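The structure's right below; bear with me while I get my questions together.
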């Protein structure tokens, strides 16, 4: 099974030991990105994974490419060009102090400047079994928008299953009207099979009205139903976070046939970023394994629980580690 | 608004990753001190801040002065002289293992050896709006005692609001009788407007008797009333810590008109030191903003909650971060 | 009071800040081992301690020997020979993610290749007050097996109290039948006074049948009674771990006269490894102090609680630290 | 004496211990820039220094501003806006392996996007004694070009001495003809008093013809004479590097009245970057002290020698350190 | 062009900043080995590279495999089995203090325990253009000896060019007579095309007599001639080191047709290990490029010069970096 | 052979990678001191070593004592008392940039406050073969002066060979006249057998006149002769440093019978501090081995050469390492 993902690669800089940037001149850097996180995790689960992206043609781009290989991601469709990679700083939170992410400019990046013609899209899609696109590419530049749409169209043409992740962040869209962005999303949604997102993606971006007075969960169910019908979506999946008496909780939902909800798991947060990608990886893996929805949801949620406890964005979990956690035989030490 | 503080600057050495001193030969150092912590925090809140102190005239003193500038503290009244700065080692606790502080000699420090004549007290006080003195200076040397008293007198003369922090630590007073020390404190208390302290400062140092049989809170209220009347104190402020079922809690009290108590907040402790200074900074800021006592107390307590979750002594919080926490919209991740 | 222990010294490699091995090329190393942990802790408690072991005759062995001296362990019976020391990697867990230990080959180590004739066993035992043997030496090589048995016999001959720790790990026994191993254990058990272990050691290795239908604790009591009688054991001691609603708990038991159980303490886990050795050190110290069983058990459990909160295997606790925790005057900061 | 500089602030990332980027995930970051290096060094020499620049309005910009204060640079004319700061990676060379610098995008930076109207140029220039402009601003964006020219014009208007540094790097000019760039440089040159540069700036950018057949030094003298006359330059200054038998050498030249050359000094290179800025700082300081040209040149060259031996871009030298080196009383240890 | 190498992968541990093991508890680890170094370098030069080896089937083996992918080495013929990887500690020298390497046991490693039947030798050889074998495998275990010989025979059978590196270290041969070892070497030599080695390999292992009274170089020439004739070797290559007045020098020789010697280059040593592998990589690359012997030798020697200046064993050089050094346009800084 | 030394233990703080204090908040600390360095080195050479000192009775003192044990120094005469240990910061030099040492207050240290009655001097001296006193103790406090003199007297009484090291630093003597200090030195000199020092100790402190017009070496010889006669000194030893064309050189001299000078060795300086102690350790070891003066001098100088290339003060050299360097078989790599 071979998963292709189109997505940006970023540099993440993290000060050590929960320090703020102003407290230290030391950083650890990591090669990340939604596509990177997802593929690295799926590779650990046993899939073949390929990233379609552009990296700068300098030592930073070469380090990134080498690191992707280290993650087990195939580098045959990675192109080196330009001289910039988007980067962000992560000041790790603790207790009630939140983790703070500060982005540097990413629009000038090699990825954001690469147009569809620069990629062997036809070949990349044709030789894969599934395709994954992150919605952020619809928000960035004309080039990434066009590339994403062309990949979606090609997936349709070759009849490959298309995974699409909303990842809608209004703040990233600074040049276009919301209507324009909505239109782009709609183009992809009509090609997508499984979509990752939350209630706000449906209500705020797609303007689906949530019925009044219902509980949050009931609202989610209702708008999901409308969404799936209107855009011919096979499966809509997402997470639900809650915070009670100083503890964070996570659950997942999946609307394929019936709307299903996973168990709610308590999460100890070491590194908050990348947990959503771990959840997505869990869902995709469950589907490739043809597990039922219940097992798939549980696997995805437990994978996300582990991802919260791993430093950095990339969820370095394996199937057996997730299953050990699911089996409830909690061990604090494995020799 | 301009706050002047008279206080010692210290070197703090911390082994990494919760290690004990005997487990590593690596240390991080930080420039700290009650005045430093308070002023750095108030600068972040938008006040102008100035420290009146003496640093050694060598590379350590110069690093300290440069770091104070980095914190945004004005260095115009910092004098370089001598060759020693007090230092302490912090072995960070975890869970039920307490944080342990080990002091090296501080009496030989440039600060402790500097007499009042070496400071431009008149100018420093006259050009400020508020003055802050830490009670530790009454316990150290003849020189710091005299300097503190002269500053308090000058604040009175120029009609500047005086903040005084008890910080009474019997262990630091090794050469004088308790009576002598009490007398020094009393001299300052008669000039002070807002005083930071706790019940033990009033009962053990000032010999105010707590009524029997009352609850702890009732006792505090009672002795506070006596204290305020006897010493003509405008406002008495402090914190109350508790520990229940493995969790630490913090609340604040403020006796200005009526005796008021803040909400009790649970605290996750990353670094215990400096939280009291964060509380004081919150109180002072609330007063400069003319917030009511309730809002001031809540701001101060939530500021202290964040300070527990920041490594090092210095509370690098901003007004918007504290208000976000107060607004109860707890986020684990801010992008 | 002088404790002699026969045991292997290992190199432990730990990546920083909860990272997985694949996330970093940095490691901290530590000199550890059951005997090392136990003796370092007992030295902190005030006993004299001596380790009987073999280290490689190269810079690694010399660093190990120097570090043992740093821990306060007498190095007079440490022999340098060969060129290998067993090592393991520890990837530290967080929250529900377990700590994972990966061993490198240890059978080729200087310790595992050293036969009894290479040690001055007679002298080492005769000049000590107590002797401690870790059961792992029965599982490793012919050489360690013979050495352990000879030491046990010598302890008997000189009438020294013998502490024996089951530490039975079926995975380490790859060349012999379980029956063979059981036989070796039995030889030592007949000489042992105080034995450390758990119910599985008695049921799985020694084939003692646990009565059906009883609670876990009742089962433990029952098999302990049979075990003590059959092998003439004076005291059997061990720990009981539990995990409830996201929290880890620890309690201890001791069957000397009556079967006694300690209070159950909640544990915050920073570093899981070595906590069992801390418990054993607490028991041994309580016995040398002739404390009653209750105080001994409480001291041992609280010592283990602290050990969970100290990085690395070696429990660097002191009597006053443990007693402060027992006294329930929990402090988060000691100045 | 007060020096104003207009220049960009950059983030420099350096892997530890001469490692290549691909060998480690650890970095040290430093706040640098030609203006930063120059001003930090001049502050150490006793001047007052002010930077006119724009930093991003986020935690990176705030850390940069705080660090400039730490260097002793006045932050009153620093504006926070936008979200990007130019950055570069430095892989430190060793022996014959050169140091390699890799730039990330800087044109999108807050500095490059800030137009002249956003700065209080009038006030900044009027309150300074000297003004320094780095030629790189002529190569970057329309905004930086216009700002630089307006500052130069304002310096002329207020009759402030203008220092100008060619820093001509053809690679940075990607959108304009060389003729356009030359024109911009010429505009500033006509306002400049002291100019820093080398022979290639004069021949390649300004198209001054070097006479044939002369030695390199004679060529430099000849084109310098033409340059000074044509552009009415008071003083032209620069360095000459050479490499012989595995050793690097540095000398300086200064054409004010007569063309003068300093002694040639051997340099041990720890960190190559920033040495040119140290040379410039030495020249400026010598001029403010009204030293003769000979002493000024020697001071500048020796300052640059020390700067090669200090890690990072910023030359943290003091007058007494440079003079100690000049006095030839070489000490390997100062207590 | 595709190079296959059969060789062991090792863990290298290095204390930071020239410290001795006893001075620190911090280490950096690196994945190395003669084959690894060679292939990583050749990949950088543009060749495809594949390693035939066995790694332990645990997190250490998986990190090693991931790191090989990071180096650009194909992992398709890497097998995971067993639980041990050979390791060594490197205490870095400085000035006249030599670098010291301390090996831990390697005979128990997954590589040393893997027999020829466990490898797809036929397929690996058939799909490559060249094959490289390191002589150390003849000294380790029966399994590595047999595997090496079978690979050599297969290379012959498929008519692939065979590179063989003596790497004869008498200390590694502890179980067999020198005669036995010589016999094994001879078996391979008869299949080898290009052989890497030095005069001592020929005189001490192969018992070729060096003529008396000649200079060292003349002796080398003479024994090389005999060696080439006797074993039908196409090309014999190696290095010559010298040390004069505190400086280290390196030259290379190559006996294909005529005996040729490269220029002698001075080397600044940052990390001594891996320089020989860099030399070999340079020779192999020159041959695949069909450069003449002179250019090949110069390229190889300059590559080795750079490798001395790179931390760690692996020579991360590129063709353009080596050619820049050869072109004599030495730069200390590349932007 | 058992060497007793009386001397202060210090904390040394060093920023990493040649950084200045103002460039980093990271430090490495080391336990050092003239006596510590000397004894640690002699222990490595095979002698038994004991330090007579006082350390603070807190976690710093305990770490220091543990570290001394790690160095192999006997801790039986180390007393814990007080709360301060003298410390200094070392900013490591590079090339022509000198290493800079900044001391914090040491007069308040546990060592400086400990009087002779607090030490078991009689027992310590009686059970040793040699005694070593560092002259710094004559400059510090009344307590250290009296202790040093009492130890010297006791050494005389028990007829133990006394080593005395001038270490005269006028800057440390701030309370007494030079005459007073000279008197104290003279008291010890009359008891000393072997004295370490230089020409300035004899001319500046002891007022011995150097003959005019002679060469430096002739002057040294002349004053040495006078010194030895006047104070009945058996052996006077010291080093001579020189700096030529960018290189540092070291030689040693020894006046026992005839005045002898060692070979002059070039030194590559990694860490300048502690080299003098290494030289002294070499001399003492040569004498205990009864080597002739020539071999002793060469051993001591080569030991000092190695010590310059070891980070930190403590010279971790062994006899075989020094002899390998002396044998001129320079190796850059030892496997």
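By written order: A, B, C, D, E and F. Residues from 1 in each chain.
We adopt the following convention: contacts are C-beta pairs under 8 Å (C-beta built on N, C-alpha and C of every residue); 3 or more make two chains touch, one makes a residue touch a chain.
Treat the numbers as computed from the prediction; the structure is a model and nothing was measured.
**Student:** Tally the contacting C-beta pairs at the C-F interface and at the C-D interface, and name the larger one.
**Tutor:** Per the contact counts, C-F leads.
**Student:** Same or different for chain E and chain F, where same means more than half of the interface numbers show up on both copies?
**Tutor:** Here the answer is different, because the shared fraction of interface numbers falls below one half.
**Student:** Would you kindly tell me how far, in whole Å, the mean C-alpha position of chain E lies from that of chain C?
**Tutor:** 44
**Student:** How many angstrom between the C-alpha centroids of chain E and chain B?
**Tutor:** Here chain B and chain E have centroids separated by 63 Å.
**Student:** Among the residues of chain E, pick out those that touch two or more other chains and give their numbers.
**Tutor:** 16-17, 20, 22-26, 28, 30, 66, 70, 100, 103, 269
**Student:** Take each protein chain as a node, join two nodes whenever their chains touch, and name the resulting shape: line, ring, star, complete or other.
**Tutor:** Chain contacts: complete, every pair touches.
**Student:** Please output the residues of chain A touching chain B within their complex, sorted ascending.
**Tutor:** Those in contact with chain B are residues 16-20, 22-24, 93-101, 103, 169, 171, 243, 246, 248, 269, 272-273.
**Student:** Touching residues of chain A toward chain E in the complex: what are they?
**Tutor:** 66-67, 69-72
**Student:** What does chain F use to touch chain E in their complex?
**Tutor:** 16-17, 28, 30, 70, 247, 266-270, 305-306, 308-312, 316, 324-325, 330-335
**Student:** Using the touch rule from the top, collect the residues of chain F that touch chain A in their complex.
**Tutor:** 23-26
**Student:** Under the definition above, what is the set of chain A residues touching chain D in their complex?
**Tutor:** Going by the criterion above, the answer is residues 13, 20-22, 25-30, 58-60, 62-63, 66, 83-85, 87, 89, 91, 100, 102-105, 107-109.
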